[in-house]
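Notes to accompany the following structure.
Each chain carries a letter (A, B, C and D) given by its place in the written order, and its residues are counted from 1.
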Amino acid sequence: MSEARWGGLDREALLGLLRQMIEIRLFEDEVMKLFQRNLVRASTHLCQGQEAVPVGACSALEPGDTMTCTYRGHGAVLAMGTPLDRSMAEILGKERGVCAGRGGSMHLADLTVGAMGSFAVVGSHLPFACGTGLAAQVMGTGSVSVCFFGDGTTNIGAFHEALNLASVWKLPVVFVCENNLYGEYSPIASTTPVTELWRRAASYAMPSARVDGNDVLAVRAAVASARARAAAEEGPTMIEAMTYRHMGHSRSDPAAYRPEGELERWMQHDPIATFAAALPDHDAISEDDVEAVRHAAAEAVAGALERALSWPEPEPRHRFDHVWAAPA
Amino acid sequence: MSDAITYREAVIRALGDELEADERVVLIGEDVGAAGGVFKATEGLHARFGGVRVRDTPIAEQAIVGTVLGAAVSGLRPVGEIMFADFAGVCYDQIVNQMAKYRFQSGGQTTVPATLRMAGGGSLGFGAQHSQCVENWFLQTPGLKLCLPATPADAYTLLRAAIRDDDPVIVFEHKALYGIRGELRDDGLPIGAAEVVREGGDVTVVATQLMRHRAMEAAEQLAAEGVSCEVIDPRTIAPLDTATILTSVGHTGRLVCVQEAPAAGSWGQAVIATVAVAGFELLDAQPALIAADPIPVAYARTLEEATLPSVERIAAGIRSAIDA
Amino acid sequence: MSDAITYREAVIRALGDELEADERVVLIGEDVGAAGGVFKATEGLHARFGGVRVRDTPIAEQAIVGTVLGAAVSGLRPVGEIMFADFAGVCYDQIVNQMAKYRFQSGGQTTVPATLRMAGGGSLGFGAQHSQCVENWFLQTPGLKLCLPATPADAYTLLRAAIRDDDPVIVFEHKALYGIRGELRDDGLPIGAAEVVREGGDVTVVATQLMRHRAMEAAEQLAAEGVSCEVIDPRTIAPLDTATILTSVGHTGRLVCVQEAPAAGSWGQAVIATVAVAGFELLDAQPALIAADPIPVAYARTLEEATLPSVERIAAGIRSAIDA
Amino acid sequence: MSEARWGGLDREALLGLLRQMIEIRLFEDEVMKLFQRNLVRASTHLCQGQEAVPVGACSALEPGDTMTCTYRGHGAVLAMGTPLDRSMAEILGKERGVCAGRGGSMHLADLTVGAMGSFAVVGSHLPFACGTGLAAQVMGTGSVSVCFFGDGTTNIGAFHEALNLASVWKLPVVFVCENNLYGEYSPIASTTPVTELWRRAASYAMPSARVDGNDVLAVRAAVASARARAAAEEGPTMIEAMTYRHMGHSRSDPAAYRPEGELERWMQHDPIATFAAALPDHDAISEDDVEAVRHAAAEAVAGALERALSWPEPEPRHRFDHVWAAPA
């Protein structure tokens, strides 16, 4: 019940974190249902179980900061403040979607809130994050960029090139590895000879740490101090957040490759349930407050879903828009 | 081989038959092993041939292609999978600069019996980075053979031929075709030979993969209108069987190419340019290219459907070619 | 701007003028800083603008291109150098999947004022992996603009225009042209406009970069034989100024494209296919494509010289087009 | 004078190492002159000063082992036993060159001796080396592949992907980083945030070590033990060999970026001079022996040069050969 336990956050802020996590959880549940109803095309990569990572990390950012993430990025984009309805609309391929239906589930972006993009080629956004960092550095804006990626991503070349460049140029970037133990259907040990991925930062003389990725306040604290370092022009940091996805990799993957009991063990350590159970320890927070947040989140998602479903699809004749800013 | 099987099963069978026939054949790629591939196109092979010969890799396409190349010149006949064809972008150097040029640069010291498989194509809503037909990225690169199977029969025949070929071959599977059914028949067509899929006298229609099927539907419709289409599937675009196409244009006088990719720098333009240069006098009217719009593949159904050539657009395009 | 300067100096001047004019312009690449670039095409800029704006990178082309993209949508107007154009292979995904599609995928939320420079081309003996004309690798990718300056004037004009452009632009410099001299003149031609370099009535010759110069030499020779060539340099191949080419073919009736790259999947085929489709009735005879042989660029002088179109081969090609 | 000091090598073997290093040195000197006479096209990347790395490393290999290297690979290819004359002929673009004049200075290869290729795109051969390792592993040949690359190469994506794959698959590969302090004109610290590159192997749980790359016996010993490990199916090793190139990066680079005195200091520690000076300490080796080796090497290179110069250039009409093994 000490100040420290709550990361210096007040009642509103704490309930806000809970609300965001619950909204993301319910949002993803709805996306799954929409996918099963064939209203989401192709594939979708959900993040139930991992909510504490984007919510904790993005809560540590300041106005003007930016974020990049992956195809499993709904949570991260929402954590930056992208509206629920326009995010859902994008996943439904609607004209009022954040990307006007051009991007879809794997490419949510909302530059107005600093959500610079969800990238669908593994590792491709880590170099991009260096670019946002370079711009901040050259223009002296003091802003910082957080970049989310998975455990499997630490094996691809772009990861290596980006961390090296960010370090040698002291770019203001926080690299957050969401280690959910699997890359698609492959357990990490089958593809990666080390299991403590935070140690890979040593190759770039980059400070790094591992945190409990299901503890929203722990993630927040780690990112906050990395952010401070970056803003002080001391360079990038890598954080490995240990977490777990409740669903399969994508689509209707039943995740049969999981060892028995693994999901159940992680369910015991669900980031939302844990946080919701802890919050009433706070002097100013009651169980009713938590219930009220649950309720408000559910209403918000339901309303967003209804609006998104009601919006029209893009007009085929507008398909030539947005390719070039200035077609010759 | 008389039962109809799916395109997916044809891929599995081709891989299985080659793994069976030649112990130098190995299969590597992301989740091709225990999981049987994200498109389930390697299902059962890991159980059948074991983890030494059917291996999961890290997410590292440069490593996959480089390993295939190195192994190919060291005694194996490896097959690498690049899951979505779009990811060829992250290992493009390995394919076009290393694999394609290795034999030439060495002055012919070795053969390079390497095969890559990758799943391309749109119409399913995978968005701009998971829907491309990337075969044209490789047209500029001498040293590669490029196969585009449209049917289970070709998926089987071309993939087996690719693995047995002593040069690097890329087999582009089309993800919207994995579920189609057809019979495996050995028509004896090698890599480099086009297939005349439908004979006709009014117009030569050249089409690959998903567009071959749509072109065939359009040809059916047009037949009812009294227009007789000769539909040719080149099957491989490097080498390109220009002789078969020129022969056909020689008796139809008209040429329409239908492809899923945009026009600029495509095999469709290659066919048209080749016929214009080498068979100008055979043409009674301007050729036509029915292609995707010059825009990325959008996620939204309305946009993607409008972007890719539909049966209607193909039929209309052939009609105007006939009327020209 | 009346003194003749080299193509290399034109590049330096364009970069310097833009760095001077707009503080959002930054320059990154391998050894572009203190060393002034391996082709000395950034010489003096580091001293003049400092290490914050003119920066050496590690050997990491994916990082270079990704950084350029990220910076371009974050308020800068960055210019990235890929030393030899062939190395675009190691960052191809970043260019075709990320940079080119970023604006579209975001639904037009931002412009992408990114520029890449890379030195391509052969004739100097750099071998198969350092001599390619790679511009055609990008033809299939909507969202990019592709510039091919052949003269100091265009090296200057196109590079400045590229940096000022709100879309991603690749400027392909030709390493065999860095030493040629010419005057900077502002002919007001924007990206997307072809230049009629020489007027003539018998045949339209379309050529870029080194081949433009060889085509001009061939045109001189042919003029002595009484053949009048209209030589057009498209300057950019995306967008491609088909209007200017069609107008020219409209009065010559004949078309010859001359390029350094092999034929398949090239801009030369694109021009021929486009004219065949859109201007068939303008053609009095079959068009011709004079291109590199479909083989990698060999190191040995005898082989490389035979592979790339020479003035003689171009002149002969134009002669047969005229006689056709 | 102990057995250990000489790495268990006898007189012949020791003189053999010296001879190879001198041959490479003289070979490179001749290439430089040919380049200045415009007989070598475009560019060439010489390795004077670095001879102990390839000679020491390749001397630790067994028959059937293979090697890959870079555009700065003349020394490595010669160390595998590729003939001097046909190597020189390749650099001169002759039909009797090892690659029939198709490859040139940057692409020497001689598969008959296991020299699998010189690669000109930085990092591109590290994945290739995994492939040679995979073949050895699957076929159970017991052979090992050594892969040379520079310090600057440790920043590119392919390095990372290859070391990771080699480690997780326990491939029989020995990765040898020739750290000559520069990547082109850039000193390592300007592009790389760590200076002890051998430590990067930790990211792949791969054993690694740094050795004096100008000490041919030290390099040999390090590679021999890495080779043994690989052959015992224990997986790959990374060795960082500290060395220095006497010439510029390529062509006529005057290497003006070097700090004053650096070249001179390294010249004091020249691998050939040092070894030649030490050898007469051996019981069975005299100064005359060393002189005789010098003489023989000079003769061999001179003879090779003369033959190579006399051979014909490729016939233009044969340029279509070797593109495909089986053109359709």
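Methods note: a residue touches a chain if its C-beta (ideal position, glycine included) is under 8 Å from a C-beta of that chain, and two chains touch if they have at least 3 such contacts.
What you see is a predicted model, and the numbers here were worked out from it, not measured in a lab.
Using CA-based centroids throughout, the chain positioned farthest away from chain A is D. Between the chain pairs C-D and A-C, more C-beta pairs are in contact across A-C.
The distance from the centre of chain A to the centre of chain B, each centre being the mean of the chain's C-alpha atoms, comes to 37 Å. Per-chain Cα centroids separate chain A from chain C by 40 Å. Put simply, the C-alpha centre of chain B and that of chain C have 30 angstrom between them.
Chain A has residues 99, 101-103, 107, 121, 124, 155-158, 161, 164, 168, 190-192, 323 in contact with two or more other chains. Across the assembly, chain B contributes residues 57-58, 60, 62, 86-87, 89-90, 93-94, 97, 104-105, 127-129, 142-143, 294-296, 298 that each touch 2 or more other chains. Remark: chain A residues 66, 68, 97-103, 107, 109-112, 116-117, 119, 121, 124-139, 157-158, 161-162, 164-165, 168-169, 321-328 touch chain C in the complex.
Residue ranges on chain A touching chain D, taken from their complex, read 155-161, 164, 167-168, 190-194, 199-200, 202-206. Of all residues in chain B, only 24, 26, 28, 52-53, 55, 57-58, 60, 62-76, 78, 93-94, 97-98, 102-112, 142-143, 145, 165-167, 190-193, 236, 239 touch chain D in the complex they form. Of all residues in chain C, those touching chain B in their complex are 86-87, 89-90, 92-94, 96-97, 100-101, 104-105, 127-129, 134, 136-140, 142-143, 238, 240, 261-270, 272-274, 276-278, 280-281, 283, 285-289, 294-296, 298. Residue ranges on chain A touching chain B, taken from their complex, read 41-43, 93-95, 99, 101-107, 120-124, 152-153, 155-158, 183-186, 190-192, 257, 313-320, 323.
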